[in-house]
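So, here come the structures, one by one.
Each of the next two complexes has subunit A plus one other chain: subunit B in the first, subunit C in the second.
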Partner chain A sequence: MKLKLFSIIFFLSINFCFAANQIVDENKIYKNLRCLVCQGQSVADSNSDFAQTLKMVVKDLIGQEKTEEEIYHFLSEKYGDWILYKPKFNLENFFLWFFPYFVLITGGFIIVFLIKKRSKKV
Partner chain B sequence: MQNTIKFFIILLLVFILGVFFISLNKSSNYDTKYLLGNKLTNFQLKSFYDNKVFINNDFKENNFTLINFWASWCAPCRVEHPVLIKLSKEKNLKILGINFKDKKANASKFLETLGNPYDFLAKDELGKQSIIFGIYGIPESILINKDFTIIRKYIGPLNNKDFNEIKGIIN
Partner chain C sequence: MLSNIGNLLLFLNIFFSCLIINYSFNCLKISDNIIFKKIFQIGLLQCTAILICFFTLVSAFLVSDFSLITVYQNSHSLKPIFYKISGTWGNHEGSLLLWVIILTFFSFLFLIFNKKHPKDFRLYTLIIQNFLILGFLFFIIFNSNPFSKIDPIPNEGLGLNPILQDPALAIHPPLLYVGFVGSSIYFSAAMASLITNYSNKFFAISIKSWVLISWAFQTLGILIGSIWAYYELGWGGFWFWDPVENASLLPWFAMTALMHSLLVLEKRNLLYFWTIILCLLTFILSVTGTFLVRSGILNSVHTFANDPSRGIFILIFLSLMILTSIYFLFKKYKPINAEINSNSRETFILINNWFMMFYLLTVLLGTLYPIFTDVLTNYKISVGPPFYNAVIIPIVIIFLIFMAIGPQTKWIKNKFSNLKLSFFILCGAIFLNFVIINLFRSYSIISNLVIISSLFLIMSSFFDIFKKPLINFPRIISHISFGFLIFFIGLNHNFSEEKDFNLKLGETIQIDNYNFVFQDLELFQQVNYKAVVGKISVSDTKTKEKRMLNPEIRIYDNPQTLTYEASIQTNFFRDYYLTMSNIDRSEYYNIKFQKKPLMIWIWISVIMLSFGGLLSLFRNAKHN
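Let's look at the complex of A and B:
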């Protein structure tokens, strides 16, 4: 009986989590879209005509049950990756994604080396 | 090991200088170069005059179509209008005008006064269609061929240089 109850709760909670993931947050999308006619503002921050129109289109796309990724794909097809604040990972920008990790690891090795060298001297 | 560290430091400096050099020589303005070669698919536009809806098929007979976003309240649209009138005389080109966020009476008066260069006239009352065409301000014009492939995109008012370029492409 306990096992049955546990399985039902487990199943329901998984469903709930899955459903929560599927809700598209329009404000999150606006924040990740660059206003192309403004200086350093996102669509969420801007009151420009372009930003207002873009918000309407995003709302329509959400109404058509498009996912967040599909909306980004649609807009980057029209305006390029420049419209996205968080660029997609691709061959052109892989260095941008990996360089910080590379610097971090290399820096770590250098620090370890210097510490070892100093402790040998002492 | 010390040589390796030196090598990495030099490499890092070269990288930083390289990034600065490339970035400072590159225009950071948004441009739409990447749109060239893309195809316009599945668009639907309401006619300016009646309830007719224009779809891709309505333009497939045209060798070249120039899609022009304009409005009566837009001053640069007035500037480019003579160029559009000249282009409307080209046999190989049809012009689709999309009246953007405008009042019908004002737009009609604009065309009555300055002439109507458009073979097809549609309206985009809320501006949503402009997003489908990758427009972010007006006037903007897109030259497409028979396959709906984008050949050129003109941001801002068309001028005589653009006129000659379009003429060269379509003839």
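Let's look at the complex of A and C:
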């Protein structure tokens, strides 16, 4: 069993060595920005003037060697958090980020508890 | 004239429903096991009446009878016949009529196909279903009547939104409605089961086929919606985690959980209350979805015309449903003690339900959270694809692994049948992933894990085909397809390429290994729109492949709208996807080109997934 586990971890880590390093990707940033003049479209998908302008702003900021986080910070200062499709992790959004994992963990406990109580005693 | 016939038929339907409820209560008082013949007859009349009512509306659309507000607002005399017909259910009022048709037909079919089950269970199901029908009929008549008249009669209609004039969108709503309105019948059956204490495995058998039908159709409906979004919206994506898409996905999660827990109830007489909760939840979520979409609370690409009074009606209906459900659940709840072993089939089905609840609650929370922050603290946020991807994708990896090893267990027993094989399969999956990243291009660690776990699921399910005896072929098909779905989505996501540039007529541009030539621009006059069609040739200097793509800009007359039609070239390896849009005050056009590998396989996987459900339905029908 230990050998099997070890060999799986070994093979997996070989795969991970080849994993791509993430660089600042402008398309990824565009996809995280809401086009404020459209109906539920991201900047990446939109043809509007607003989206075109925002793309230029983002390119410019990348040119200034700003990180992804800095770019989001800059834009949300200016337009509000409404522009970000991935909500910030802050006090207001704590429940949004926390609750799914709470469900996952509680669900896991319920199943373990249920089986402990109900399984055949050896 | 058509308005009067329609209204008359609506009232007739209310009358029939009341009659059925009345006779059913009378019939319950008699202690034999025979249901009055007249209940069947009225049921048949009811189906006929609602069908004629619907065709009355269809014919109003066909002859462009603009004395009806609905027809005036959603049709135009010059629209092609096909879209005149599909326009019937392409709007709020007409689609509600389709709701009632499905409610009525499922009610009647459930009655005639469940002869082996006790009388009181069948009759209570019928009664509750007819209360649902009445609720929707009242909603139609008093709030959203498709037969409302307009005076003076306008000469011409306003036309149907051009992006809805599409074959996929003509069949998308009916498929989806069979899915989530179909779930009403097991809502009613679950209530009836609580009332009549019909709680054994025969209850599971009575609703199994209906769960499978609604699940298969819901899956197909979601698929058609995605395909439509892919080619019509022109963004190259097929799932945007848009609130309306989420609304169709929520009941799907509940149905999928139900479909699995039903097996435990059928085989082991366990999880009765949990199964009932899922039955009730599925339909409640369907109505919740409708509420969110129709009331206009959500900001979405799919905007129905908003009207707050609609929202209030559905909200009252919804609260009534939830309160009655909770009341009966508490009244009838009693704990059941039975044995569940940790490595048994039951446990793994519970694990499936556990993950489904996680997906369901995550998507529900993500959809509703922005409304709450806005109302409570006036803080506006967006919850979009990056949120769902970040929360859901890592969990999908674990889910796929459970999904692969779960079927290797047996009912009751506490043991895996073939753990050694699973180990070798996992090694094989890791090796295949290694081959893929070395042949093509590497991707992030999380993508590595997604691809490996999906391959693990595909191969594990594949080996099940050779097991003797072949236990559950439909299950294998659906599980393999789900594995392929995640596998192809993963590859598609990682290997997609996108080029965005501006080009004018006659110009040539070389970007990386692609060469684009803007060869020609033509103007066409169609029946209901003008089209500007570009001719852009794309050649891949690496593979020497050359293709001509013809994106369109369409100018619709009624109503006046501009739409951008993507040009898509599909084959088994990749899609070329190109859109063109004009730039104001310039002779340049903005061109977006995407290469989307293995796109068609994503669609095929979902079709196969749904096919597994249908196969299971036929098998189930043959057994019972």
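By definition in this document, the second predicted complex is superposed on the first by the 96 of 122 C-alpha atoms of A that agree within 3 Å, B and C clash if a C-alpha of one lies under 4 Å from a C-alpha of the other, contacts with A are read in each partner's own complex, and residues count from 1 in each chain.
Assume a contact is a pair of C-beta atoms (placed from the backbone, for glycine too) under 8 Å apart; a residue touches a chain by one contact, two chains touch by 3 or more.
In this text the structure is predicted, and so the values were computed from the model without any measurement.
Peer 1: Considering only the touch criterion stated at the top, classify A:Pro87 as touching first (subunit B), second (subunit C), both, or neither.
Peer 2: A:Pro87: touches subunit C, not subunit B.
Peer 1: Once chain A of both complexes is superposed, is A:Lys78 in touch with subunit B (first), subunit C (second), both, or neither?
Peer 2: First partner only, subunit B.
Peer 1: Touch check for A:Val57: first (subunit B), second (subunit C), both, or neither?
Peer 2: A:Val57 contacts subunit B only, not subunit C.
Peer 1: After lining up the shared chain so the two structures overlap, which partner does A:Asp45 touch, if you call subunit B first and subunit C second: first, second, both or neither?
Peer 2: Second partner only, subunit C.
Peer 1: Given the superposition on chain A, which partner contacts more residues in subunit A: subunit B or subunit C?
Peer 2: Touching more of subunit A: C.
Peer 1: If I apply the document's touch criterion, which positions on subunit A are contacted by subunit B in one structure and by subunit C in the other?
Peer 2: The overlap between the subunit B and subunit C interfaces on subunit A comprises residues 49, 80, 82, 103, 110.
Peer 1: Provide the residue numbers of subunit A that touch subunit B in the complex, in ascending order.
Peer 2: Interface residues on subunit A, with respect to subunit B: 36-37, 49-50, 53-54, 56-57, 60, 75, 77-80, 82, 103, 106, 110, 113.
Peer 1: Report the residues of subunit C in contact with subunit A in the complex, numbered from low to high.
Peer 2: Residues in contact with subunit A: 233, 235-237, 240, 242-243, 299-301, 303, 337-342, 347, 350-351, 354, 357-358, 361-362, 365-366, 369, 373, 377, 379-387, 390-391, 395, 414, 423, 426-427, 430-431, 433-434, 437-438, 441-445, 447-448, 452, 498, 564, 581, 584, 590.
Peer 1: Could you pull out which subunit A residues touch subunit C in their complex?
Peer 2: It comes out as residues 4, 7-8, 11-12, 14-16, 18-20, 22, 27, 31-32, 34, 39-42, 44-45, 47, 49, 52, 80-87, 92-93, 95-97, 99-100, 103-104, 107-108, 110-111, 114-115, 118-120.
Peer 1: Under the touch definition given earlier, write down the residues of subunit B that touch subunit A in their complex.
Peer 2: Against subunit A, the touching part of subunit B is residues 1, 5, 8, 12, 30, 32, 34-35, 38, 101, 126-128, 130-134, 136-137.
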